[in-house]
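Got some structures for you, see below.
Shared between the two complexes below is chain A, which has chain B as its partner in the first and chain C in the second.
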Partner chain A sequence: MASVSIVDTHLILQGAANGLTLGCLIGLLAVGYSLVYGVARLINFAHGDVFTLAGYYIFFFVMTGRSPHSVNVMVFLVATCAIAAFAWGHSLRRTSLRLVVAFGGALLGAGIATFLIGRGTTPLVLTVLAAVVLIAVAGVAFEYLVYRPLEGAPRLSYLVAAIGLSLTLQASMQLLFGSERRSFPEQLHAQLSRLPVPGFLVGYFSGLDLLIVGFTFAITIAATWLARSSKYGIAIRATADDPILATRIGIDVRAAKVQVFALGSALAGVAAFFFIARERVLEPTLGYTQGVLAFAAAVIGGIGRLTGALVGGLFIGVVLSMLPLIDIEPLKSRLPDGWSAFLPSFNLSDWGIGIVYFLLALVLVIRPRGIISEQFWRDV
Partner chain B sequence: MKNTELLREETFAGLDRRFKFVGIAFAGALLIMLPTFGVPRLLDIAIISLLFAVMAAGLYLVVGLCKLFDLGYAGFVCLGAYATRILLTKLEWGYLPAAVCAVLVATFAGIVLGLPTLPLRGDYFAIVTFGFAELVILLMRNWTGLTGGPYGLGGIPDPVFFGFQFQRYPPISYYFLLLGITVCIFAVVWFLRRTMLGSQMIAVGDDEKLCAVTGIDIVSVKIAAFALSAGIGGLVGSFWAIYFKFISYLDFTLNLSVQVIAIVILAGDRRLRSLLLATALIAPTSEILRTWLRSLALPEASRIAFFGMILILLTMWRARPRSADRKSIFVVCKDWIEKVTRKLSLNGFHTKTTVSLPHSFDTDLAVSGTRAFDDVEKTEPAKPPNRPVLAISNLHVSFGGATALDGIEVTLCEGEALAVVGPNGSGKTSLLNALSGLVQCDGNVELSGRDIIRLPSWIRARLGLRRTFQHPRQFDGLGWDGNIHLASFSSAQRPLGSLLKRITATVKAAFVPLTLSNSQILNPRPESPARLQLQRAFDPQASVVLLDEPLAGKPASWISDVLDRIRTHKRSGGSVIVVEHNVQAILPVIDRVLMLDKGRARFLGSVEDYLSFQSLSGDLNWQQLKG
Partner chain C sequence: MRFTKAGTFATLALFIFLTQCGRPNPGTGPISIGFGGPLTGKQANYGTMCYRGAELRLGEINANAQANGGRQYQLVRGDDQATPSQAVVVAQEFAANAQIPMVLGHFNSSCSLAAQKIYEAAGLPNLSYGSTNDDVGKGSPLTFRTPYKNSLQGKTLANYAVAHNLKRIAILAENEDYGRGLADVFKKSAGELNLTIVTEKSYNSDTTDYRPLLLGISKEKPDAILLAGFYPQLQVAAVQARAMKINAVFLAGDGVGSSLDYIKNAGTAAEGTVATGPFLIENERPLIEGFKRKFKEKYGEEPDSWAVYAYDAAGLAYTVISKVGTDRAAIHKALSDFNSKDKAFAGLVGPIWFDNDGDAVNEDVSLAIVRNGRYVVIPVR
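The block that comes next holds the complex of A and B.
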């Protein structure tokens, strides 16, 4: 393909830098995917929608003024807090006590929600922290509602339930939070972008981009350490390896699963903040595409490997941002007249997600038993 | 007791049949009378429900029969719809050739997608098919010149069918066309289920391991199911195009697939009537809900949320535990590296079996078989060895780091029975698995002079190598007779052949009814899965039968039955390998004994030698046994 040429070194570098940031956003989500897959052995199709939900939390927390949708967010928060508290109280024998705990959770959720929603004056760090915690709570609630009843079922039913959860979440976000495209407040975005940048990176990265890259690497390393060396991580890995044996040696397998769901959802929350702060858009279907990209990244990097998920994310990010730079005009001009009207689009960026699907399928077909091992080289 | 049971069964069968006929007649009359009811929107709802019924029947072949989770069904419908529209208006073909072409396009897409992806594990297969559907959507969006891209395609004319002009308002003619299609498709599926091919699909869905050892060509069967299902999807697409008059890729998203999957999951079992019932429950509900929501000015999203929740609840309802075994690619690599290193370093180093005193041999398990000793005197004298059938040399099996079998060398002759004994974990079952091709191994295994080590399990079965499992397996979706007929049919198919021969064999299997099988039809009904698998294994065409602990946990009466079967098989020139803990019980029919310990052959020799070897170690007294 001699006729396909790449334009300019500067553009390439810019594309690569953009791809790096984009890849970090995908990678952060993929780490959560990998984490959940590693322990619960389920392809959490709804992970992308948890990501969107976190985006909405943050959006409604930083937005000043309330709208009818804010009330819905509050209802959502209260409900997830109540359910998660009910799930947390499973060691209490009596249902009445659990209901009391659930009520407490609901009150707490309502308190946090009234404190945060529509204020617009809370410090950003606090807001994001609260959103991350709340989305972790939501993750626990979804695990309790949807996946817990399936314990012991074949893996496929987990996938089906996850798809069901994904559709439900996506549609209910459309219903409850409005299906219109929303944009992150301009002045917050500007404030974040003004963060200091070392001189040699100016023009390639904004301050926010550096923040994203730094945070992603730090979080991935921390999560890897947590999974490899900490007490919790060892319990989690034992659960992943052999849940029955883990139960026998006194590990609370359920608790390990819940922790993993909470951690994965929290990572999705962080990713959601970075995503909406950088791209400034938010819509209910956002998580669908992002979730698929993240899943592909997790598979390409070896599902169950946290660092691998990040690498896969970076790879996909760079590929996606490089696509528009490939010049296909020379190829197009070689076609006989009028042919291009009958052929599919030549614009490579139209095919971005298709290429990712193709890569995903290719990896799965060539290495059908799991890309990277489930026993060796695994973090979770 | 038995008679009354049989009588009751027959009575119920008769009742069932009567109900079935009444039900079908009633439903048929209702469906034919439907246009005369004059209820507004009723016909539209009926048409959409019938469309879903046909789609569900198509998906049923893959999800219901083969238990393969196909998330990309909407992709085939989409291809069919666009193909029909393009052929109808751009090339101005008639509807019939356009529909045929749409079916072919979808079938072709199904085969192309299925070939590489069908061996994938369940959830990965689901993801890849999901990706396929998304790719189809992307193609339709980006191929603006042909498909109209985001604007969709409209202006589809009412078709003319053999001179009959269709009318859209009211859609009575469309309704009857679709009713005809539905009846045809359900008839095809109904007949398919009663053929060998359909039974093979059920078998593939039930137990792939058992399929492999009964000689079912799993890949061909799966591809047949997938292609057929895709073709039905294409047919639905072609009707979709002429009925809705406007098509856009937005109609064929995951939501459509999920609705069809919800129907198939709700149906739950493999009966067509469950499928029809599930369609009747879900499809009209969905359509009525759509109208109702529109009248409430609620967006479409609430319907999708409703379907998502339905899907979750259905899954919870249908969830059944089932074991899954996996082997990761890293283990495979590691095995491979170990194999290579072993070949490089240990090939000449390996010492043959050494006779040493066994301490770990467990005779305490061999106690219950006293009744079988009655016929010790009937033991056939050791015949001079005949032609060798199975020659095993230098067989190695390892799992991850652990070596299960290390350099086994045995030759089995015609009419010979070999007992494999040894403590738990000594590699007895691994030997059977290696021979029947269920685990990766290396070395040399020749069956009647043909090297079978590289052949897949199903070809080995067709070459005459049968086996049983310690924990009896069976195809739950087929009756006991179905199990036996299917096994004897599949294992009698041509063992080897070109791609074309494999395809013709698969197509041919679609025209052989399940019940029409000449062998074993007069055998009495086996009362337990263990007896069923014994009957399946001792097929007249079997040359070597591998039995995995046939006596474990069985009553004494069972022993003589097993021994009789082995004797008959030997008399007709077949050979048997028996893995058994209860050594004394099977000695009467055994010619030689192979004793394994930690994956190595510790002893190989005649029964007499084995017994003296045993009495040396004081474990077993030959005199005591004879008395």
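The block that comes next holds the complex of A and C.
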């Protein structure tokens, strides 16, 4: 065989296409890290587990039939709705009134849960929408339960609390939803993959892949626009800029924080749907691996920036996807004798994640504010 | 404060009395056997099947003992979650518990290999009902196992490839003892049979997107892909490969071939997968029919083949302990004495006896192909 590896354009395009889809999935999750960091100045390590929780919501909503596990999902839903409602009622003076509001939230949660869990016939769009709203509610509940009491505490406390929340969520999901690996229904996966694809993209993207890419780009553009021109966006940006000054000019900083938690969690919910529909994998520890990748993406793209999160996600997606296509063997035979021993004898693909972390470390050392220059952001 | 001699003595006596109170009398209480395996986690399905297999056997023994006044047996659960680090924790607990004379376990090769050093230091004999990596028996004189070795699977699969003119083979292996071990023995057999290994890719147990690896594999246009790993991961890889229009034949070991969930979850992508495995359930042997019925009666679902190995392992443990008692060294000696065909233990899988390494001398590998959502056993060669 000739030692020259012929560059196969088709193959490289396939790799790039997969990288684009994978990158969008990572980016969608990374936006949550970036948003929360930007406003609350905390790295929400539990974000990945919120993503997993959303996956379980969707999984139990689309499955027909009930099990002890789906009853546990119901308990989870009711509890988070009650807590979020209690948090929402913070302007009410009397605790008894807040408890009434919380009870209302619990009833609402129970109602939605009974309507959706185990039914399996609800239109998919409605199911996903409900799951996205419910996971946003859960995000608000976690913020109230875990981060709110820490207001004014040193940053390290937030970090420890975030890791604690992450571990607690993982363990509860193992305990309550079962620790086995679940498979998203094959039929739904096939249905989604069969969505129409323009002719020239056939073979590179499935219908679902295009949906993922399209949605991610649309939502990133919409979010950037909203952050710039809407009332909420301006409040959020002002809070991110200087919380004390923002309070002085009459912005409800607390509300801004709650909003980013809700928005970030909702996006994690969408990402979870896309993920389990595409990969058909769901397990309690899923959010850990995906969350760390997304965190890396947020940092590489410049943490605190919405578009940066997507850029970082795409970067990681393409690296992970294209690495296995690089073949070291032909290179070895071209080197003079003895030198090839210095080249690794392993597959580069085995080191995909390792290389991503290496790049993350490199970015942190050389460009701690992300790979894209500040100047560029200012110009945009 | 002054201590009187009598007072100290009395306190000491009381202390000893109290600490011994709750303990069952070692001569008549139930005998505890450690069970190490993945009872939770990604591979909980395997662990649960095996635990039930062993529990079923001990249940029969206990019912029998109640009638004849013999001693009762019980399993002590040791959940290794299919991770070697957790297996070490389980092993330490078993080793420190003087009430446990013997361990059934572990399931995963990586767990057996990690735990066996601790068992060895404690002189605790351990009998694996699921590990097939070639090094498991060799690793420790106190380790025995009931299933066959990976090299037999590697040889069987390589022979199948030759017989069906599958010359260019790619390997997709999980980066741990079982997967790497199976890939290695397959490569060895493939080398002897002049098959070409076109590429080798590996993944971790938490990999979810196999497309990049599969793209690298499809570049080489293989005739077949060896799936060396466990079904929770490979069911995903199989679906993604078929979606990418990779039409190579899937060859797989018993990490895939003994699981009904592989077919259930991978659906149409599983069709045509050729796998080695014990396939004891599918082979319809008369002895196993009875086991199948009893298992289904008690647990409400069909057993898999690993449950049969665990059932036999529990039976073997009972045979040995009822003969030589609960001394760890004596049990080790007694297990080593099953060293020839005429001294073999009569298991459901057939006669079980061990070679010098403690590996069952066993050619019990079958080959099956997935057709219409079922494993259909096909002749080996």
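Keep this in mind: the second predicted complex is superposed on the first by the 341 of 380 C-alpha atoms of A that agree within 3 Å, B and C clash if a C-alpha of one lies under 4 Å from a C-alpha of the other, contacts with A are read in each partner's own complex, and residues count from 1 in each chain.
Throughout what follows, a residue touches a chain if its C-beta (ideal position, glycine included) is under 8 Å from a C-beta of that chain, and two chains touch if they have at least 3 such contacts.
Predicted model only: the values in this text are computed from it and were never measured.
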Query raised in the report: Between chain B (first) and chain C (second), which, if any, makes contact with A:229: first, second, both or neither?
Result: neither
**Report entry** Which of chain B and chain C A:322 touches, first, second, both or neither
**Finding:** second
Report task. Would you sort A:114 into first (chain B), second (chain C), both or neither based on which partner it touches? Result -> neither
Requested in this report: Tell me which partner A:22 touches in the superposition: chain B (first), chain C (second), both or neither.
Outcome: second
**Report entry** Between chain B and chain C, more extensive residue contact with chain A
**Finding:** B
Requested in this report: Tell me which partner A:95 touches in the superposition: chain B (first), chain C (second), both or neither.
Outcome: neither
Query raised in the report: Between chain B (first) and chain C (second), which, if any, makes contact with A:181: first, second, both or neither?
Result: second
Query raised in the report: Of the partners chain B and chain C, which touch A:8 in the superposed model: first, second, both, neither?
Result: second
Query raised in the report: chain A residues touched by both chain B and chain C?
Result: 174, 179, 347, 350, 353
**Report entry** Complex interface listing, chain C residues touching chain A
**Finding:** 40-42, 44-45, 175, 200-202, 204, 206, 208-209, 211-213, 215-216, 218-219, 232, 235-236, 239-240, 243-245, 265, 267-268
**Report entry** Touching residues on chain A, where the partner in the complex is chain B
**Finding:** 43, 146, 149-150, 152-157, 159-161, 163-172, 174-175, 179, 284, 292, 295, 340-345, 347, 350-351, 353-354, 357-358, 360-361, 364-365, 367-377
Query raised in the report: Which bits of chain A are touching chain C when the two form their complex?
Result: 8, 11, 14-15, 18, 22, 174, 179-181, 183, 186, 189, 193, 203, 206, 275, 279-281, 283, 285-286, 288-289, 320-325, 347, 349-350, 352-353
Query raised in the report: Inside the complex, what are the residues of chain B that reach chain A?
Result: 69, 71, 116-117, 119-124, 126-128, 131-132, 134-135, 138-139, 141-146, 254-255, 258, 261, 265, 298-299, 301-305, 307-312, 314-316, 318-322, 324, 326-332, 334, 400
